[in-house]
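Shared between the two complexes below is chain A, which pairs with chain B and chain C, respectively.
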Partner chain A sequence: MQRSFIARNPSVLVFLAALALFTILVTILAEGAGAGVISTSFVKTLGKTLCLCLVAVAMDLVWGYCGILSLGHFAFFGLGGYMIGMWLMYARTEEIVLSANAGAALPMTPQELSDGIAAQIFGVVGGSELPWVWSFAHSLPLQLMLILLLPGLIALVFGWLAFRSRVAGVYLSILTQAMTLALSLWLFQNDSGLRGNNGLSGLQNIPGLAEVPQATLSLWFLWASAFALGGFYLLAAWVVSGKFGSVIRAIRDDEARVRFLGYSVEGYKLFVFTLTAMIAGIAGALYYPQAGIVNPAEIAPIASIYLAVWVAIGGRGRLWGAVLGAAAVSLVSSWFTSGQVPAVPLGFYTVEWTDWWLVLLGFGFVAVTLFAPNGLAGLVERIFIRGAK
Partner chain B sequence: MRILISLLAFCAGLWLAPAPLAAQEGGVQAILQQHREAVASGSRRGVEPAINALKASGLDQAREVLEVWQARELYQRAADGLFFFAAPEGDGFRLRDIDTGADAGFAAKAEMTQLRPSGGVRGLIGAALVAFRLLDPDPEDRRTALAALSRSPEAGHLEPLRDAVAAETDPALRRDMERLERALTISFDRDEAARIEAIGFFEGDTGLDARAALAPLVATTRGAAVSAPEGANIARILEPGDDLSEEEAWALLVEAGLAPARVTKADIRAALEANIEGGAAGGVPVRDLGSDAARERAYAALAAAGRAQPTVTDAEARAILDDHVFFERYAEPSPAITEAAEAALASITFRVGAMQAADLTLDALSLASIYFLAAIGLAITFGVMRVINMAHGEFIMMGAYTGYVVQLFVPDYTISILVALPLAFAVTFGAGVAMERLVIRWLYHRPLETLLATFGISIALQQLAKNVFGTQARPLTAPGWLDGALVFNDIVAISYIRIAIFVMALVFLALLVFVLNRTRLGLEVRAVTQNPGMAASMGIDPDRINMLTFGLGSGIAGVAGVAIGLFAQVTSELGQGYIVQSFMTVVVGGVGNIFGALAGATLIGFLQKGIEWFNPSNTLAAQTYMILFIILFIQFRPKGIIALKGRAAGD
Partner chain C sequence: MSALLEVSGVTVTFDGFRAINDLSFEIGPAELRAVIGPNGAGKTTFMDIVTGKTKPDTGRVLWGEESRSLLRMSEAEIARAGVGRKFQRPTVFEDQSVFDNLLLALRKNRSPFGVLFYRRSAEDKARVEALAAEIGLADQLGRLAAELSHGQKQWLEIGMLLAQEPRLLLVDEPAAGMTPAEREHTTDLLVQAAKTRAVVVVEHDMEFVRRLDCKVTVLHEGRVLAEGSLDHVTRNQEVIDVYLGR
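What follows is the complex of A and B.
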């Protein structure tokens, strides 16, 4: 008799329980709902970290399980942020324009309203008309669909082109990096219609919820992020546990053999690539309202490399490893760069961690790659699981 | 008419003829005294003969007198009507003789009258002075005068300029004068044939002055009329909807007073706001006025009641547009001249286009050589060894900083660059060897992890450079003999630094091809790349070869860094900007081959410049399109332009 999915994968249950416990704990301690031990900005940091964990899960799926080192998934993450950001900014500006017109003699025509919104949003880049890319920005459902569709479509087209001509390994990495660079350069232009290097800002203000304090909003987003992480973790764990998972792991280990066994390697790869791009888009759409601003610098190729590094440090091929890596590196990173870490006086030189953190991090990558090829998860397994045997 | 003019000229000649004679006898003062009343009154017509006489006198002092006169510093003594240079002294003036410059005593303020030439007179004086300056014995002064003249040409300058051309002995200066004379002829000559001849002179000429002289001739203004105006020099007839939008056409009608201004949406809004009565405007409740249709209905009601200007419907407007003619009219009245100018400009445009293409080719070559320099190290480490070195850009940065540090110690720029090149090679060679020994050799079987480890090294090196050198850009100054540019004409030019980089790229190409194909080391490198096991059994130490190869690739990156630092800002992020492009260069060109990198760099360089040519205002978009093109290109030639075949292809 086939045992249930959860019974075969007890780690999933452990993870979900831990995630739920974490969320409840933060809620109790947070400013918005409970003791007020955790500040609102830290709740936001935790919520953002959950989103980063989610995109790391996607990255682990595509790289750790399917062997495609994509250096473009953070671009999909950023695109998700842009898609939700467009609605947030449009709707918020609409409220502002309408309230500014409240005292006027006549109600506004749709054209006047859209002109007013465009002037508000594009004043900084010298525009006064809504570009075509904003065609759906007035509608939340359409824009929510775009969060899934746009990264998915780009991944589908790009992946189809790349996998079809058997671009693999490091070549694919370089190609995805080129795609990311192209996207960020395009967004950097002022006439891309997405405000150039100003990006979209003021995203922390949710339209229609002006009376809800940020402390409460931050908790809502934390819950949403935790829910999304839990849900997609479950989905990812289910995907990799069955026959499908075996096939994609086999593709990672020896693509040619799987092809000779009659599997459509390109189809599998394309499916995983596209699915993970969509997950990345959702993660981005949850992340940027908490961050408040999304700009092209977020999409720069280096961000996608960092994503790969988180997964590598956490441990590839284990979903909880990716979560561990993303959470650990991003939290430690923000701790070191916040300037709260005490400087180390060496007598002749004082090590300021804001200056030296990146050096430490860089050599940390090297050390992990050389000495712990399975990452933190590998270490944890070696200590606990071997120890248990 | 012509007879009359020649008669007048003859009379003038008769009348003027004795002037030089008189001048030689009596000097400048005598000439001025002949025209005393005219000079004192300052009337333009009267003054002209005086100025001509001064000009014709050939006296040295004439020029000084004219300059002083123009500057309003020439004075007349009331008592005897004589003219003097006067400098204020106490409550009067110290006088100087205008002929000899000798002291001529002191005069009280009341005795002297200042000459205040009008603007017109000063213009005449200026033209006369131009003649003097253009005939100055010192060629440098003549050149300055010519430059001043070309900045603010006037009709009156044409004659003196023609005289000066005839007298000029310096060939270069004479050529410049002739060009300006042609340009002034186009602008100011009254004879149409002469102007057309001058226009012909500039045919196919790429100089900026040629275009500046011709452009005003073909300048047009748009107009509207009931029928095409008679006798006007019409450039073309415009069709509303095709050549100009209907709004523009309507605006022309309004400008010509042929139609009323159309009522805009803003007008409607203003009219409605002004006519709100009891919660409604034009009979429509205010709360319903949130759409254009409702507003137009309300406005129509207002217009019908005579409380707003009636609108012109679209159909009426179209009928009115159809009843009128829209045209572009030349400001220049003569069709022969505009025709000649258009023809000359067309030939110029063609030549300029050809020149721009040549210039673009030079630009593309220089960009290609920069990409080649940046990528050639990668062509070895990535292309030959298949090691992804994300820190390659940081090696370029290290090379550039090495150059900067050398310049801190060696003040002579030529020597410092000569020292920096080998030193940069040594530094990055050492860094590359260290990296290979410590990190990369453990990861030869895990290429994707090499990417991560070298990325770690890359961000660590970048931050280290930031900590050591700070975030601001450091200068790496090129030697003086590389300043400036090789200028072919107004359009085609290339800076010497770019030529030097081009030469350097060629030298490196030759050097590397030599090392890889003609030396023992190159043979061993190729052997180890193709089959390390077999190479090892032939007595080659693969470890040593890998180390040296990686060091060689890194060392070249360092040298490229010095070259790139010469024209770019040396910052810790210098290398980052080149890394993705470099990888693409290698991949596009074909992995495992130095010539592949050359082909890739050439393709990318020309492509980028080509796209920029289509869309010059937007280099970011150009880069985006280029990358998209490369992604597509890889689809069709996954192994690059120069794909290795057979066993050498490996895999």
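What follows is the complex of A and C.
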């Protein structure tokens, strides 16, 4: 018999312990818990970062382990945000409409209620009827299911078509870019029924929890995000640690050879592609209530490319590397783009970091590719693990 | 005696060039066969056809007692039906240990869900260890395949083939780049394997073929030029002209 999964993978335990410690520390120091050292908005930033780490774990699974360079996984992330956003907006607007009508003699008919909600939500885009895509928005369980089902179904159909025709490598990457571009363009249209470029907003207001201050809510979301990251990290580590991981790494390294061993490569790719799309959906569903707004710009093709960059910088084929990359790059990125970094006056030109951050990121990416092909995780391993031997 | 594999009238063209031209070939269930021929004769392409990598323009490829056609099956299905293949250049999974390479090849449930919930039994472990001993890598199980020598990689690949328990083994130039001692070990492995299954060995090297001591098929420009014992085919004038004469 094999030793237990945790015994064979002590690093998983280390990661979970570090994540728990981080969450406890932030909680103690947060405004919501009294200490007040960490502002509510920074708690939200940290919570969002955990969600980005989660989608990076998914990206590492599909790219780092299975070798499918999907440049479309942020579309699934955005879809998860839209799915939870629809319920949040609907239920919250329902509360507002009902309370506005509270003094009236007659209770509202369902039709009046629905019209009232539609007028509130779609006023900005000149609509007054609920589009069909909102059919399930009244029901939290249904929208929660859609967070999994919609990205999963799209990934399943897309992957089936692409993998069956043996589209691989750079062609697959381009196809996934086309997918995310098409989705974002569709969402940009007003008549797609998701408020066009306005997107869904006010998502930080949780229906039924109006009295709970944001300082507290931000902690709840931090915990939920940490819990999801820990849980899916465990799942991903389990998936890659056994024979399944052996097969998908073999597919990454030489898929023709794996076919001649009798494995249906397409089935494995489809499984990993779909599973990771669903994980990305969950990550998005936890991210956007903390961000407050989701709009089509979020799933622009470039977002998925950034995701690949995070994983590459962090270190492909190591789950904790992906987490490290996503956390480091996204936090540094939000610092540079926040305008808090002092500009560098060169006399003839002043370097504003909000403009130049991307250039810096580009150089960082090139440097990692050239000097640390295994990313930050590879560097850490070289310094600590090799050093310890 | 009915054949295990029966290839008949197969033709393959690449951009108008006939790589395989009306080829017919047969092998029984426990037979060792050497296929020789000059570079570009179509030996690798022949293996591509049998393993489903290349679809022929015309012809039949029939398999097993029920004479199932292999032409409509995918590479993975053909492999599961019992055809194992060793490539010309050693292809093992360098990033993984010798043990994991063998475990990957072990004849087991190949479906994604089956593999996901696979738990290694003591029996499987013993089987992998026995295979490693057979290919002379018993003390290398924990090493990464990337760290093996060229010859060891070739053996690991042969070991992976045996782990699949195929009924037909197709081996493309196994002795290329091996030292004489390594060649001898390889010959033993193949002769041993052919006692219980069909083995087709593509080889360049005459000395190696002589040591296999089996029926020989000579391929030239995509068709069979001669077939029989090594002495028989080397006496054939056509064979001498196109192959040995150079």
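To be clear about the criterion, the second predicted complex is superposed on the first by the 386 of 389 C-alpha atoms of A that agree within 3 Å, B and C clash if a C-alpha of one lies under 4 Å from a C-alpha of the other, contacts with A are read in each partner's own complex, and residues count from 1 in each chain.
Definition applied: a residue touches a chain if its C-beta (ideal position, glycine included) is under 8 Å from a C-beta of that chain, and two chains touch if they have at least 3 such contacts.
Being a predicted model, the structure only gives us computed values, none of them experimental.
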item: First (chain B), second (chain C), both or neither touched by A:340; value: neither
item: Which of chain B and chain C A:179 touches, first, second, both or neither; value: first
item: Partner touching more residues of chain A, whether chain B or chain C; value: B
item: Touching partner for A:253 - first (chain B), second (chain C), both, neither; value: second
item: Partner chain in contact with A:262 - chain B first, chain C second, else both or neither; value: second
item: Partner chain in contact with A:242 - chain B first, chain C second, else both or neither; value: second
item: Which superposed partner A:128 touches (first chain B, second chain C, both, neither); value: neither
item: Chain B versus chain C as contact partner of A:370, first or second or both or neither; value: first
item: Touched partner set for A:166, first chain B, second chain C, both or neither; value: first
item: Interfacial residue positions of chain B with respect to chain A in the complex; value: 265, 269, 272-273, 276, 281, 286-287, 289-292, 295, 386, 388, 390, 439, 442-443, 446-449, 451-453, 455-464, 466-467, 576, 580, 583-584, 587, 618, 620-621, 623-624, 627-628, 630-632, 634-636, 638
item: For the chain C and chain A complex, residues of the former touching the latter; value: 51, 53, 74-77, 79-80, 84-85, 87, 91, 93-96, 100, 103-105, 110-112, 115-116, 118-122, 160, 164
item: In the complex, chain A residues that touch chain C; value: 1-2, 239, 242-244, 246-247, 249-250, 253-254, 256-257, 259-265, 267-268, 271
item: Chain A to chain B touching residues, read off their complex; value: 69, 105-111, 158, 161-162, 164-167, 169-171, 173-175, 177-179, 181-183, 185-186, 188-189, 191, 301-302, 305, 308-309, 312, 355-366, 369-370, 373
